[in-house]
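Two complexes are shown next, each including chain A; its partner changes from chain B in the first to chain C in the second.
Presenting the complex of A and B:
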């Protein structure tokens, strides 16, 4: 799972204050994403150089919105979040970077962020928060998930996700109790929606690629045809088991909550009954009835556990199992 | 074969160098003794004739360098470039300001004794006119600081420029960069495609001329190699496919299609090798010992397993995968059920 929350909500808040948000909400959400080849190479390079130690590397995507598709034309990486570097100002870094890039005519519109993932485990609270703040500020933003391990197995694994409108509403309400979620009628399948990606290159880049192909002497390695994928399989299975364990615990908590709630209801009923009985007895004896006590104060309802984490875990488990099925024969 | 080719141009180069140097010394001597009347009487004009000679020699050098670049192996660090750097350069060229003919920027990377590895770059705004060039050095410093925060191991190792020639302004810019890095390399990427190709060249500067009298700067070419990380190679392979489609776009294909295409490629390679061997056996092509050794390696690399063992291994592997798939499906069904029960 991700280490260190991504402090982007602060950045986004400050951006909203400083810059006038002139983006009008789109009628149609983003249907397709067009990525420049340069962005792909940069993301790969960033993970390769800086991501070997910790599990997650992150960065910002820049580009523009064209009708119903999102064009990502450049990106820049975010430095690792180290605990001992307290005075490092992430907001300032971002502002400076964007200002400098504006000087060289690079699109400076924030359209999303990217993150690398370890064996497909990226659905977490931090990701949700960051993506929510991004989508709240900029309607069309996406999060690109890059899976370096699957890429090393032979095929580039880059996926783009957005939060569904329903999930956005729920996050706005911040009501994660079971009743709230039941009202919104949300399941884990409609948390994230995947947007198809298309890679686009300009003509000059095509010329460059042609040149590279002629001149480069690196041999094809054909990792795709590698039959020994058991290592990855083991690791993925282990992570899946961990997630299922988490899910189990969470469900156990919810069950205890339900049981407590029903027990409390019973107790309330019993108390009321006894009260009534006593009252009738007293009336028959001619004594004043006992005052009605505030029942709610006596029986405080147990705390409802937030269900959002359950949803997240469920989503994560789904993702991992999907990865299994997609990857299974190779 | 390459060695022979090297000797000839090296000798030409030395000869030309000697010739030009001697001429320059001669002119210097002549000017100091005043024996031979210089073309103009004023003393200041002598510098102009020197300048003419220097520009002539430098242009001659440049011509010779361009001619020799492809075949000459040069002494100096080998430059290893990652494709992300080149893509970045091309992209900043496409985004250049109106009226600018070329773009310059800083190269970041790592160096060691024999090679220089270029892993990152950023463009620097600059203004260039006939007689002067202005580079935004503050910007360059700022960007370098920002980049250092992300990857602290990268240092400034040189600079790049798009365009075919090395101009006088390049010398000035190179001087500035030699203050930032010990021995900066200069990379040119020909985005104007003058020779129908994007010539990517690297140079390092070295002193030339008569020490003490007239010195100049010569750009010596270096060999350029392209290095890829594994994942980078896979990414580049994917990008290559955009060349094929007319709209220059390419979707990320499904796994099965990719495996099929990879298997197809291997099959093609095998057929090529087989046809080559048949040609040799039938005598059409001369047998080459080095190729023969490679073929021996290839055949020896195939592990010695009997057919039954291989089949049983493959089957057990597939069984594992099927079981995992089944379990994953089961988990998914379980979660869906759970969801429904909670909502009820």
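Presenting the complex of A and C:
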């Protein structure tokens, strides 16, 4: 999976323009997302054409905030490029694309990005980082996660996520130490929040669909009743297991850290006690007390493992287990 | 021999010669030819290839000679010139000097030169007579040598000490003629170089020096210019039979120029008796081990001597003694330990030992032993039995080693090897005869030793005769049968008898260990698996073999391998695998069995180690076929591993039975294109794949076919049995694999179908399935009336398996998590006490 945060400098600038023109910082947070049918089809098409196996496709969402809902009216894929064509300028491409879309009178405001996922394994550091940078620049932006496998089985799976304000703050401060996370009271449950999605089509399209439904036979729907999902189940179980392994490892690391820390604390305490005893002895003998030494220098606390990854993994595990449940129930 | 005596006389003569100013003859021309062929000088002129040491030292001695000449004529400028040259030459040979130590002749010259110069310096009148050049040279040389000698102070001091002690002796019998002065000088030079050569062995004691002095002087008493290198016994011999000695010496001198002719031993008229012969013998032996001794000629001489003693009927005692020495000098012929005997030498050696044994068998009144002292020997014919010093057992052992060496150094794929191998019979014959001899005369220890030799020549040979007999095949014709019967007992019986004697009587651990290992090997070779295994287990060798020396360890490895192969032939696959595992898993089977050196660890060992390792190699005719070994190992691993893999397909913690087998499988998988198998390994891998699918027919055709037959299976004596066993095993294990792999597909399966599929009898199928059910490997039950296996379907599906695994992992996760929590809460505030604690 190769994807990094999208370059946003120029888009930010363009955003600032629009912000100046009207809807200044959001008074009310976005409560729901309204997606155009076109966007859904475009995303599906994108994956079908370019994504394969565990590879991930990504793209840019365009739209507008209307009151408390975010309307996503268009999108365009992010071109896949290999490591070796270095000259490719992503930012340039985005700008060009948006400019062209503007010329044909399509919404050209950047409101987020989308990404496909492989068995729901999308909660990762990279996603966090790039979503953070989006949300940092454009407050209302979301990430759409599209699960092609589930969709292929017959039920469209599209989810919109964004970072919670708490996580935004932590990310801003970049304090991922155990203490920092504890203070912020953040857990894996409240890292991402899902925003409800409504898919909306124009009346004309609805009419067409209804028309088509009349004509189509029921037989097409038998896919929904297919029970042979054990293959997918196994796969997601496998992935879940891998994550649990990771988690286990992380916990082990944290465990050793805690133990080291407490051991050192003990040593420090002992040292201080000894010191105090000696000082009282000296005082009784009328000697000057020992000079103060920098204790923190003598006892450097061990490097705390960053906990963010643990949180992410925990989030991933939850997410996958939810998906797994959904699958097994299907 | 004293290192210093020679110069002792030299300096003595120096004093007088300097006074008398006798001009010596040109150096090198009048060199006394030493007796016989023992001369250094002659060697030097003949030899083309010389070691660096010889070359350098010769250079030095040449310069020293010139200096001594110059000293005699008081040519100081010449002296100075030569000294400087000497100094440079010495520096050049620095590396050799560092290795060998400062040569004595060099020290001697330095000391003498200094003394001489001091003398000249003191002699004021003489100095005045000198011309200006000489006087100047004298002073510079004196200063130089003073300075130079400081570096060699200790050596010079010790030299002078010896010199003083020996002069005492010399002064007793000082009776040198004036005329012999110059010769004496050169003689002593010779003595000097001699002592340098034998520097390593010289006993540096005064007694020897003194006796040498006596000899030396005595020679001159006779007024003859003769050289001989005898030190010991000279005096008594002179007393005993001076006449004979005289004659003897005469002839020796005469014999020298006629090198090509057979040197005559004794003067025509000499009465040859045992004493003379013995003396002659000792004389020849004196030269032994010295540099420049022509070893081949020495052997010749000894042969001639034995011929003479035979002609004159001097008795068996002397003959035995001479034979001993001939064999010893044959062994001595190669100075290098790594070199092996030349074929003609080897033949001669065998003949000699044979003859020696003949004599010993014919004459019961000869006592030989290594602890009979030289002077208590009784060689002459008398009423008493002969007593001869020498150990025939050691000679035969050495012969055996030489034989091994010859075999090691012959290309095993040449005709030569076959020719050499034919001698094995003779070697065995000699060992057998000696065995008989020692059984009647030797001590138990000796008997043990010779028994071990016999065992070593027996244990690795397959007894075809006994094998045929056990199969019930009689010789086709009557005569053949007779021949078979007359050939003696089975090797198994021999081994048993010899080994049991050793177990009972041996007191050195090593011989017993070797005997046990050979015994096991022999058992294993003849498919007596249970005896072999029991002996191995009883000996407890597995526990302490790592303390043994490498050759024994190699023997142990060979035995284990043979044991494994034996188990395989008997169909004990598991035992075979276990026995071969250690050897095969290291990947160094070749090295561990002493059948070749591995090239890769060239950097890990130096040349010295490599030589040692080379000496440990087992001769080719005793090799165990490595391909056979590997094939046996892989096939047994396959028979064990494939059903195991099928049974534990979903087990997360599955371990490997054989790493090497898995490695081979992986190598097979990595192949981009799978052609028909070529090598033995590919065959086994292909067979494994077929077996994985339960396809025993394909598996069978991969394991047993033309190629594999010729490569592996035909090497077994009971080929047919082994093949039948193998087919059977393949069928059984394939059946097991099949059931493991496909049981989830079946609801029930008829045993008849299975027995048809795998061409096994119904009872066998029944027993295999029952065993699997009992071991809880197969969740099924047998329905007797219909002869079917009913699957219980309790085997979890792969998804369920994974879910189980996940559950296990989650359990671990929780445990880990609790541990973290424990740490935070203290030991007593565990996860489950949390509620009570937080509550107010």
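Here, the second predicted complex is superposed on the first by the 274 of 330 C-alpha atoms of A that agree within 3 Å, B and C clash if a C-alpha of one lies under 4 Å from a C-alpha of the other, contacts with A are read in each partner's own complex, and residues count from 1 in each chain.
The rule is simple: a contact is a pair of C-beta atoms (placed from the backbone, for glycine too) under 8 Å apart; a residue touches a chain by one contact, two chains touch by 3 or more.
Just so it is clear, the model here is predicted, and its values are computed rather than measured.
K.L.:
Could you look at A:237 and tell me whether it touches chain B, chain C, both or neither (first, second, both, neither)?
P.N.:
both
K.L.:
By the touch definition at the top of the document, which applies to A:136: first (chain B), second (chain C), both, or neither?
P.N.:
Neither: A:136 stays clear of chain B and chain C.
K.L.:
One more residue to check, A:262. First (chain B), second (chain C), both or neither?
P.N.:
After superposition on chain A, A:262 lies in contact with chain C alone.
K.L.:
Between chain B (first) and chain C (second), which does A:245 come into contact with in this model arrangement: first, second, both, or neither?
P.N.:
The answer is second: A:245 touches chain C but not chain B.
K.L.:
Pick one for A:254: touches chain B only (first), chain C only (second), both, or neither.
P.N.:
Both partners, chain B and chain C.
K.L.:
After superposing on the shared chain, does chain C or chain B touch more chain A residues?
P.N.:
After superposing on chain A, more of chain A is contacted by B.
K.L.:
In the superposed arrangement, does A:108 touch chain B (first), chain C (second), both or neither?
P.N.:
A:108 sits against neither chain B nor chain C.
K.L.:
Between chain B (first) and chain C (second), which does A:204 come into contact with in this model arrangement: first, second, both, or neither?
P.N.:
In the superposition, A:204 touches chain B alone.
K.L.:
Once the structures are superposed on A, label A:148 by its partner contacts, choosing first (chain B), second (chain C), both or neither.
P.N.:
In the superposition, A:148 contacts chain B only.
K.L.:
Of all the chain A residues, which ones make contact with chain B and with chain C?
P.N.:
230, 233, 237, 240, 244, 247, 251, 254
K.L.:
Where on chain A does chain B make contact in their complex?
P.N.:
Interface residues on chain A, with respect to chain B: 34, 36-38, 40-42, 44-50, 73-74, 77-79, 88, 93, 96-97, 100, 103-106, 148, 151-152, 154-156, 158, 178, 182, 185, 187-188, 196-213, 215-216, 218, 220-225, 227, 230, 233, 237, 240, 244, 247, 251, 254, 307, 314, 317-318, 320-322, 324-330.
K.L.:
List the residues on chain A that touch chain C in their complex, please.
P.N.:
Within the complex, chain A touches chain C at residues 230, 233-234, 237-238, 240-241, 244-245, 247-248, 251-252, 254-255, 258-259, 262.
K.L.:
Considering only the defined contacts, which chain B positions touch chain A in the complex?
P.N.:
Residues 82-84, 86-88, 90-97, 119-120, 122-125, 136, 139, 142-143, 146, 149-151, 153, 191, 193, 197-198, 200, 226, 228-236, 238-240, 242-243, 248-253, 255, 258-259, 262-263, 265-266, 314, 317-318, 320-322, 324-325, 328-329, 331-332, 335-336, 338-339, 342-343.
K.L.:
Which residues, counting only chain C, touch chain A once they are in their complex?
P.N.:
On the chain C side, the touching residues are 797-799, 802-803, 805-806, 809-810, 812-813, 816-817, 819-820, 823-824.
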